[in-house]
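Read the structure below first, then the notes.
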Amino acid sequence: MNKKLLLLLVPLLVIAAASSAFGAEPEAAPSVAETASSALFTANNIWMLVSTFLVFIMHLGFSCIETGLTQAKNTVNILFKNVAIVAIGTLTYAAWGFNVMYPGEAGAGGWFAFGGFGISAPDGAAGLIEYAGGAYTYWTDFIFQAMFAATAATIVSGAVAERIKVGSFVIFSVFFVGLVYPIAGMWKWGGGWANAAGFYDFAGSTLVHSVGGWGALAGAIVLGPRIGKYVKGQVRPIFGHNLPLATIGMFLLWFGWYGFNGGSVLSGDPGGVSLVFVTTTLGACAGVIGAMATSWIISKKPDLSMVLNGALAGLVGITAGADIITPMESIIIGGIAGVVVYFAVLFFDKVKIDDPVGAISVHLVCGIWGTLATGIFGEGASVVAQLKGIAAYGAFAFPAALILFFALKYTIGLRVSREEELGGLDKGEHSAEAYAGFQILN
Amino acid sequence: MKLITAIIQPDKLEDVKEALFEAEVKKMTVSTVRGCGQQAGYEESYRGAVKTINLLPKVKIEIAVNDDFVDATIDAICKGAHTGKIGDGKIFIRSLEDVIRIRTKDKGEDAIG
Amino acid sequence: MNKKLLLLLVPLLVIAAASSAFGAEPEAAPSVAETASSALFTANNIWMLVSTFLVFIMHLGFSCIETGLTQAKNTVNILFKNVAIVAIGTLTYAAWGFNVMYPGEAGAGGWFAFGGFGISAPDGAAGLIEYAGGAYTYWTDFIFQAMFAATAATIVSGAVAERIKVGSFVIFSVFFVGLVYPIAGMWKWGGGWANAAGFYDFAGSTLVHSVGGWGALAGAIVLGPRIGKYVKGQVRPIFGHNLPLATIGMFLLWFGWYGFNGGSVLSGDPGGVSLVFVTTTLGACAGVIGAMATSWIISKKPDLSMVLNGALAGLVGITAGADIITPMESIIIGGIAGVVVYFAVLFFDKVKIDDPVGAISVHLVCGIWGTLATGIFGEGASVVAQLKGIAAYGAFAFPAALILFFALKYTIGLRVSREEELGGLDKGEHSAEAYAGFQILN
Amino acid sequence: MNKKLLLLLVPLLVIAAASSAFGAEPEAAPSVAETASSALFTANNIWMLVSTFLVFIMHLGFSCIETGLTQAKNTVNILFKNVAIVAIGTLTYAAWGFNVMYPGEAGAGGWFAFGGFGISAPDGAAGLIEYAGGAYTYWTDFIFQAMFAATAATIVSGAVAERIKVGSFVIFSVFFVGLVYPIAGMWKWGGGWANAAGFYDFAGSTLVHSVGGWGALAGAIVLGPRIGKYVKGQVRPIFGHNLPLATIGMFLLWFGWYGFNGGSVLSGDPGGVSLVFVTTTLGACAGVIGAMATSWIISKKPDLSMVLNGALAGLVGITAGADIITPMESIIIGGIAGVVVYFAVLFFDKVKIDDPVGAISVHLVCGIWGTLATGIFGEGASVVAQLKGIAAYGAFAFPAALILFFALKYTIGLRVSREEELGGLDKGEHSAEAYAGFQILN
Amino acid sequence: MKLITAIIQPDKLEDVKEALFEAEVKKMTVSTVRGCGQQAGYEESYRGAVKTINLLPKVKIEIAVNDDFVDATIDAICKGAHTGKIGDGKIFIRSLEDVIRIRTKDKGEDAIG
Amino acid sequence: MKLITAIIQPDKLEDVKEALFEAEVKKMTVSTVRGCGQQAGYEESYRGAVKTINLLPKVKIEIAVNDDFVDATIDAICKGAHTGKIGDGKIFIRSLEDVIRIRTKDKGEDAIG
């Protein structure tokens, strides 16, 4: 049967190898070895690509949870931001971000280095089986890392929702995912100083979530709270308009996290990936129970939106050490994260930092907690090194984001007008309506 | 002619409709409203903050009737909507100067039914 | 390039193997063999983990279809239950469920055995390549099975929706997924008496779906119908409030079923998994056509909600024998399931058992049908053994669930008050609102 | 531990192989070779099955985007059509479509051939490792291709939405996916004349998307515009009723495209699949930016619905050459597609061809562009061969669809009555309501 | 001053608006309601059970006009909404005692436009 | 007795409610409407085509009051809803013939509160 014509290189190799192996000639031996390596390489690489599409779908998760937890009149705006970020994050990462984050030898132990513009795979085996010791190809490396990149800016998107100008946010994103994230990432994953200093962050409690969380905190502070959130010293809840959508978002994030953490094993290693699946799942489940119990006890009724945050809190918490902690420890870390996120949400409301979706509580606070917990529980990680790392990342990401936001505020402006905010950003920024025909009282 | 407007509990709509049909009142216009009255509001909590919702979901029924139907209509509404608990609602009666049936351009008492 | 530091054990092995294989020394041979086994192990294990995240997303599928087919005023409640169940199911499974379901030798041919609390992987290769003959690791085994566990309780959730107290449901879930499901599971998959008796249930038409379905039936009976469903001897339909959500749910369940059935091959065996994909898909498609034709003929108009149930009916029906029937047989089984589910829904309405989402019809009735059909069509399965199994599972799961529900009814109460039911459980149980701002006439 | 009983053939082989390899006997060698081939086969086949479920979920993506971009009153109808198409497409493909599209030698270089009814795997290794040189099994081949089949009709569904009779659409689908698509597919992928003529279409910019797009164009023309769309020479926008749903649809389509394109490598070849991931992602991202910039500049405000179309435009554009173009070229192709789709939407409105979701612009116009671009940029593809192919596919698919639509129009009728269209197809065709309780002003 | 209330078919809203604009009546308040009248309801079937929906979607338009505008307004509504089929709707005319424009606190006839 | 109907900007509902509560007017019925008046509409663009939306979201408040409460009620609404910008809205005053409290079947002035 004549099928789609394409490079059947690998399968052909197998057959060659297999058939020659059955023959008695001694030259056959290397072919079998090649087949075996090729098989392992293929399996590993498949796992990394599976992880890639799992991380991709997290962007839909973010879109849904952020939209669901905000008001109907700002829906188009939030969706738009989340779609735009994926494109901006990936393209800037291709243009220079990847080479800032992974500058090669130049960055070893350092703070910054630049590997040049664009992406291009080393020729032949150097970009394939030899690129990462048979774990994945150059292109796989790029695309998996690129999916992570946009995440950091997406975290900010939730905290600044319902009041930021869309143009300003797009510009912020370019700089945040194009520069802040890859520089911060290079310190550890790119082999920089933090890596040398023994800082441990398996899949990004700090590198991705805290960095995004610091950006979220800076944004929420510079913008100020939404109109009507804090009135006469009281917190007036502004209800999310679509909790099924928010729940879809939480589940998709959790789903994607299997790639986020599972792929961070950087190969299909059965022991490693399966342990990470267990710790990740238990951490999330414990986060659900933590937030559920807390909200049931404190507010008398179980609060779904808090439980959704609890699951994410558990996931963020588990991310730094998912590969070096035990399942039991993952339950402890996740459970604490679920409790912490509840009080963190209350705390930020108390200090009048308005974060519509709880991004700061989930990603920053639990990112810090997870990084610390890795020092406490994880073998081979130290509390001191973790604390240093946490501090250093905060000292970089928060001021960097502040500067970006202030620069925008005093040039093209950061916040929409009072009229636009009241009427909704969908109308103001997009001349659009998310739910045409539905009768909605905003 | 009168225009009778009733504000009732949402879950009583079916019963009121039935009572009206029995009373041979078969035309009405219904809409969703939110009401605030003697009935205490309830609290909604969201992300740790609490808000008292005192605009409760209600259903509004509007019926234009000729004068000889007013009492039957009111009785039917009361029959269908009454539970004796706060929040049962109100009926407002106003005079109606004229009615026009768009389809036939009939006016007045003939047009109402 | 300096990447995330982690156990690159497997890839390194490959390289070692490959390079030594190229050398002429005879000691090289074992290394190639190791690489080859490791590659197959990695591939198999990846498939099992892929199946794991596919089964995970079924929980979102359940959340969506149950929410979509019920009323807007109970949305938060249903979403909450579905999120909570995942956490409860997984954590109880980790705490003891896994060891009740798979007690090892102790359970061989028996009815109950207990392997102790907690989970912990055998050391070294015993928990890895040797654990299941190179098919998956201990952790993979646990996490894949854990994802199944919560499913059984989720099935109940749909049937008891819109009137059960949230606290009571949470307690029910703990016992149902913590005890009923793993004991029932042990009988067959844990090597118990049903397995010894020749009962065949590939992926759980009976073990998961019927067990859940019996729980659903018990719940629906003990609770009684929703107010306004059966009035003056007539069935008054209570419309689902969000059919796009219900459709998303169906598609996600179908999607997850590729892991539910595909993963039940318990390895990446190409022949086995690909056949299962074909039978599963054709079964679902035939279920769609079966329900579509039936509703079109009987009610004159094609009923979307029935078609959604039809797809699930086909999937449930195919699950018991997906690996031992032919594609043609899968079309027959699925098609009949699609017709059966239609009449089952009508039947339960006739006898005034109110099941808002059709869970009993889909999971119990079609679970029984699928188990039976496996006896009829499947090679190596017998109708008698299947009937015995069906009866035994019913005789255990249904009374067990009845007892749980009655115990709750006469202690903390099972059903919300009339006022709360009319006003909606979102307000009553959660003080919340799913669609803030939308004008909804409940 | 006694687990689910099933064919553990492959893992057992490994162990046998591994253990014998450690022994010193020379006969052991073939076993290692078998293990190695089996491992690669397993890995490849897993990738193809992963791709299969990814393509499956595209049907949910289509359901969501089509529903989101149309009016609330036609929701049930659109969802129904999309569910039905999956079943119809798969079952007709099983019944005869697969054998029309891949008739084997009979079709070599030709226009039409038929391989007989039904599907059945060759016995033994011939249906397994030998079937496609160790890349996938017969069943995998069938199920992966079957998932593609339904796509073509789904594309039509969007363009004819909100006015076509559901029965007529179902009949159209049977013929379109049962005959038009597999015949067109055979020309290239089945080894027919287009393949012989050097036409290049990696994953179906033409074979799937343009073919579907031609059907969409024919349908939109024969049906005529929706009431109220073009009034007094003006375009009156008919707003989509649920943009979060549309966004979910776009993301799921993008997600599924990793299987659509990634699976079209027809093996897990690490270099091939990872390159395809990169070009696919960058193409989509560039499409987003292209449509975003265009709509921002031309309409002053960034239009979410256009950006969603832009992402899909980039994906369709990249599909023909995803394996033979560079990442840089993929950005160019995707970016142009994003701009093109914007103007295409305007163009079809100008000529009063009413396409509620932009299916013609996305799938037909960008399918043509992508096919052409492959000739321009792709190594080994020629512009002339591409143009010939584009023309030939148009010359077949468009008249074929026209004939089908006209035949339906003059027999059982194609378009619903004016009253039904105004009141909504949900009420008219299904006696149903998608959002019961919500107050909606259509 | 009069308050004119019209209940019309939802798909006639655009036409009625246009007719009103032509008659120089440019102020109105619109809402969605459900109406029950001579027009037969329709059946919805869901999961095998059938329910007759006799509250059909309608649109309500409220217009406050000075007395000299009453006829023009009524004519415009009829022009826009009339199809001759059952379900075209009704127009109710009631007297309006006073109008206040919140912005300027104008009262009476001046405030209406 | 009078029936006071106010059409206000949606974001003023909280303020109006507060002002009414201060004026001891604690009963009301609220609904969402869409209004067309002096306030210019806005444009929505969708897929390259533009539509002028001139039915803007508004909130309608209906309050039945005894005659001695009319002025207080009107003042409270104005206080809460006034910004001085076009679109602030209108208040309509109509006479109310009778009120019935469904729960107690009280009629007239007693039933209103």
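Going in written order, the chains are labelled A, B, C, D, E and F, and every chain counts its residues from 1.
In this section, a residue touches a chain if its C-beta (ideal position, glycine included) is under 8 Å from a C-beta of that chain, and two chains touch if they have at least 3 such contacts.
Computed from a predicted structure; not experimentally measured.
Asks: Chains shared as neighbours by chain C and chain D?
Replies: Neighbours common to chain C and chain D are A, E.
Asks: Please report how far chain B has to rotate so that its Cα atoms sit on those of chain F, a copy of the same sequence, as a value between 0 and 180° in steps of 5.
Replies: An angle of 120 degrees brings one copy onto the other.
Asks: Give, as an integer number of Å, the spacing between the C-alpha centres of chain E and chain A.
Replies: 52
Asks: Taking each chain's centre as its mean C-alpha position, how far apart are chain D and chain E in Å?
Replies: 47
Asks: What are the residue numbers in chain E that touch two or more other chains?
Replies: If we look for residues of chain E contacting two or more partner chains, we find 31-32, 44-46, 50, 94-95.
Asks: List, in ascending order, every residue of chain C touching at least 2 other chains.
Replies: 29, 32, 35-36, 39-43, 46, 50, 239-240, 242, 248, 299, 301, 303, 305, 431-433, 435, 438-442
Asks: Classify the chain contact graph as line, ring, star, complete or other.
Replies: Shape of the chain contacts: other, as it matches none of the listed patterns.
Asks: Just spell out which pairs of chains touch, all of them.
Replies: A-B, A-C, A-D, A-F, B-C, B-E, B-F, C-D, C-E, D-E, D-F, E-F
Asks: Spell out the residues on chain A that touch chain F in their complex, using ranges where they run on.
Replies: 228, 422, 427, 431-433, 439-442
Asks: Using the touch rule from the top, collect the residues of chain F that touch chain D in their complex.
Replies: For chain F paired with chain D, touching residues are 44-51.
Asks: How about chain D: which of its residues touch chain C in the complex?
Replies: 1-12, 14-15, 17-18, 21-22, 28-29, 32, 35-36, 38-43, 45-46, 49-50, 52-53, 56-57, 59-60, 63-64, 67, 75-76, 79-80, 82-84, 86-88, 90-91, 94, 118-121, 127-129, 136-140, 142-143, 146, 166, 242, 245, 248, 429-439
Asks: Show me the residue ranges of chain F that touch chain E in the complex, using the header's touch definition.
Replies: So the residues of chain F touching chain E come out as 2, 6-8, 31-38, 55, 58, 60, 74, 77-78, 81-95.
Asks: Chain E touches which residues of chain B in the complex?
Replies: Going through chain B, the ones touching chain E are 3, 17, 26-31, 62, 64, 94-103, 105, 111.
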